[in-house]
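For reference, the structure is listed below as structure tokens.
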């Protein structure tokens, strides 16, 4: 029991924060309801995917500074390829860009392994490379997205045979997020690959000595991050309907959410659930501040303070429990 | 053991390896047959660990041949080594700190039953597979590492200083199990600096000196002298634990360190002892009797929950190691990984305490530093070939650095927690001599050791701790291994509370 | 009074700060706005969608938005207009037909400046073309205008094309490099990073060539004070934000304009003609924050005073 | 065996020398890049260009000092760019009102304040430096934006002395060197030869070991982040002189490059290894690369790709040459 709390305490804390912030939103805006939740979910989607990808590489002991640039490449590729294609061809495009993201991530990882240059340097260099690639594909915002793709994250969930009253309150975007993350991550987490990801983050030398093929696992970690980045890029295109070659503010936001979500920088510890919850917490903070009509420049200060105070409290609590 | 014409399971010849300027191995050879326990011996830095790492694919050799079951093999990684039946227990723990015990097993495809069987067999009864590795004490980790290796049913088991961090009760278990493995047909390469163990279970010994194999001896009574001569390149007495003239417990009115009813709320219940000026007080305890907490509390590394500590007659309370150091008390912890800045140089490591206090943050007096560090290095005879980064030193030399630090600081009370862990014969002797010499110059030493023989070699008295309490106080003369062991198991007469 | 929402996706740049202040000042000056909800941060179109939806949540009557790009926020604008909220896009046009547009004509901005420069060079010579941020919509629009002017002057060539990312330091560094390389060029067209370009010439002691910039306080004052500088400032008023608020109020009052799109055409102020000099002299305001465009109001649209925009206070503050 | 040892003693010796002096390969790479630039654009490597490059490399190198020092302890300072911007903006806007010395004092106090806040979170609450400095950076930016509201019409003035320092030359040599040379010398000397410098390495290599040696680690962290912010503040002043415009985002774009300069220069983000000498060369490499990009005649996308690949190549060669890994 005690161990359960110490292991999942962080996630529980985030859930509590999430509920408090949501209640605050409701309090500020009596008619805050489904549409608010729905818009929040849609806005959180690219952040959530970027954060999931970032969480995996950080758990594996690395960091991926190129994640937002990979998202931009995927976003513009999808938008360009989908211009003038019909709905079924768009399916192929989606498959293609997901594979593309996976491949870009794998290339990041392979370069790290082969060159032996630290992760942060390689992905910093690749940040410029992928930015350049995105600009070469599309030199100004444009392109299009298939309408079925866009409707995938709009509105409430409807299941055939189930009354909409039952599932309608749940935004499709959340279902989309859960399905994507679950389908990709749960089998991996359960498999030996999942263990290996944690092990190379925890102690790379010990992992190598325990027989873990460290190089391949690192490549796999970055490839997974690439896949999630591709989903994130796709989510951007899905919500805006176009591709943007300039990377969005997803890099630092995802690092912040990963840390706020209880993943330890340096690797080996944490889950992917915490960071995704943290994304929603951060989005809700912004929503509450907008509803409060706080001066936008003051909003930045408050966001910063909240971030700092939350991690401070968390860190203090952590060291407390560690000492006992 | 019909070792007549069978092909060796593992046969390595002329292996060489250099790290930049340091030549770790120049011409190392080793052969081991089924069912044989071969001791790999050598002084600190002779290249034993490097050899093991090469044989198991953790390092790539510069040259040489390795044959497994008679066939030329290129072991590219520890994973490949495992597949060819070579399973090591390295000198440093190789379990993943943030995973649970169970996940560590899954990582190596080892099923829980045989593993748990071996863990029990090795003397740890209450292991929880759900416990995270980094919460476990070093000794337990060593046992788990070994159990994991045995559970994978290896052809060749390579044990690098397996027993160095173990208390004596666990050592016995390990030795028994290792011998048993050999009798069941496993080939074993056994590295240790302890002759008693080697004499107990090994069939043969291969001796390394400066990275080259210099001899191969059968273990027969009296072989120690010859082995030491080969290891050190000079004749030297093999008797490590020479009896010594003990000094009467000094009868000063005010002891240097007076501890009364000390407890930390965890395993340390109630310990009282006096450490006098110029005295070496041994601490004897089985694994997990609260000795770690005692040393932590006395060094300011952990707060005491109850009891008092007096230094030179005035009561003190420590909130930080700096408080203890200011009163001249320095700790050499059991795990050198906690004591060393591995990526920094020997010199910087030794000098750290000099800058600890805020008013010492200014310019370093390089001359003064040289005058402090130089003699300490000399005194500990640290191998300075790889001095640029401490992590490149051999295990034994790293240990020496941790002690040299306090010698350079001129500390008055040394808390040594198993300082001879992983140290070769010659250096052990140096350490005993050093401890005596320091004591004769007035330094007080609290000396925990897992090797009971050391008590008579180095200490004036010994306190025995059981279940977090002092159960016996034994003078050096009476501190035979048998006596100590009886007391350590809580079988001694209930002794006085005050040492 | 009305509740008006504002969405802006770039923070921490003088032009945008002026735009926000103009919005506040106009809301205050109109006396018809009870509260102004401002979502003002650095984000992409996806984030701006969220901001606009949050504003819808907050129950505003009108939204004035400076869109991250022409298409990306259409979905949320549509949602807003479907709910009967008036949406006015300022500075940059959007393709969503239900929105009103009050935009600076970026293409024309570049065209006019470039044309002035090329004429100044007598239709012959090489120019350095210093663009904004690669991949940004506004930069792309300006590029179209520049290329249009270029096509009209076959004698003009582009000696060097660089992207300053609208960063002062980067622009200055690039100009320094170009000067140092000994490359031959006869004029410079810059996309908003201008006063540091003039500095790069004066500091290195290189003879000045004609320079086209924007109407930022810094550059405009250089046009009168730096000797030998022949240049032109093209207006790109940040106060278009205030005009957007004015338009939104007008529509809420029931006075719908005939046309959904209003383009604010830029004006060229050059310091080589008396007419231009007079314009510059009139616009001078030496104490204004140097990143602010000096055209702090748009006649016919905005109603606030200079003091009001400088105070940068909205209703209820 | 013996033949493998004898195989190429000169090569081994060479590598050993390189590993001992990681600056040599880094400088060689810098020279190589400059050579390449001269090939691309003959005549560009002239005193004027050298002066300009040094002028822009210096603020970058100074900001990278913040990253180097914090990285030595396994930290990072993502608020450095913000702090520099705040210090520059405050100086420029306060100078007309309260004069140069007072304005600079206030600016540097603001900087140190941000540093103390970061230091408090990192040292006392044990928050990871990355997230802490990200947070204080946000707070700083917010405060700056709120502050600028109140000085919209108060005008700005760049202190003459800062402009002299930032843009002036004496006998063709940039004046900025008058600030930077002593600064760098002090830092390089300090990191090895002061107790504080030694502690940075020790804390970065093994905090537990430092603690057991009597080091109160929180003091080190607090002092470090305050120092880092002070350096960032100083950088802001210099950069104000270099760019001569008080902008709200003046030094923000330098954040990522400052991290890049430190890591390209061989400082480990995990702490305990590296030094400021390498960082200076790293900053120069980045500055030369910037010129190279300006000179390349190709689409912007291709330029960025080349920029990224060169950084990767340079560090890969460097890692090989010094045989670390």
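Read from first to last, the chains carry the letters A, B, C and D; within each, the first residue is number 1.
By definition in this document, contacts are C-beta pairs under 8 Å (C-beta built on N, C-alpha and C of every residue); 3 or more make two chains touch, one makes a residue touch a chain.
Predicted model only: the values in this text are computed from it and were never measured.
Student: Shortest hop count from subunit B to subunit C along touching chains?
Tutor: 2
Student: Decide which interface, A-D or B-D, involves more C-beta pairs in contact, and give its chain pair.
Tutor: Contact tally favours A-D.
Student: Could you put a whole-Å number on the gap between the CA centroids of subunit A and subunit B?
Tutor: 45
Student: Let me have the rounded angstrom distance from the C-alpha centre of subunit A over to the C-alpha centre of subunit C, please.
Tutor: Comparing mean C-alpha positions, subunit C is 34 Å from subunit A.
Student: If a residue has to touch 2 or more other chains to count, which residues of subunit C qualify?
Tutor: Correct list: 11, 134.
Student: Could you list which residues of subunit A touch at least two other chains?
Tutor: 134-135, 139, 295, 297, 299-300
Student: Can you list the subunit B residues in contact with two or more other chains?
Tutor: In subunit B, no residue touches two or more other chains.
Student: Of all possible chain pairs, which ones touch?
Tutor: Result for touching pairs of chains: A-B, A-C, A-D, B-D, C-D.
Student: Across the complex, what residues on subunit B touch subunit D?
Tutor: It comes out as residues 14, 16, 18, 20-21, 23, 26-27, 62-64, 299, 301, 320-322, 325-326, 331, 333, 337-344, 348-349, 351-358, 360-364, 366, 388, 405.
Student: Which residues, counting only subunit A, touch subunit D once they are in their complex?
Tutor: Interface residues on subunit A, with respect to subunit D: 111, 115-118, 120-122, 124-137, 139, 252, 255-256, 259-260, 264-266, 295, 297-305, 307-308, 311-312, 315-316, 318-319.
Student: Quick one: in the complex, what on subunit D touches subunit C?
Tutor: So the residues of subunit D touching subunit C come out as 41, 43-44, 46, 48-49, 52, 56, 141, 144-145, 148-149, 151-156, 167, 239, 242-254, 290-291, 294-295, 297, 300-301.
Student: Inside the complex, what are the residues of subunit B that reach subunit A?
Tutor: Residues 58, 77-79, 82, 88, 90, 93-99, 103-104, 106-108, 130.
Student: Provide the residue numbers of subunit C that touch subunit D in the complex, in ascending order.
Tutor: The contact residues of subunit C facing subunit D are 11-14, 17, 21, 134, 160, 162-163, 165, 167-170, 172-174, 176-182, 195-196, 199, 203-204, 218, 286-292, 310, 312.
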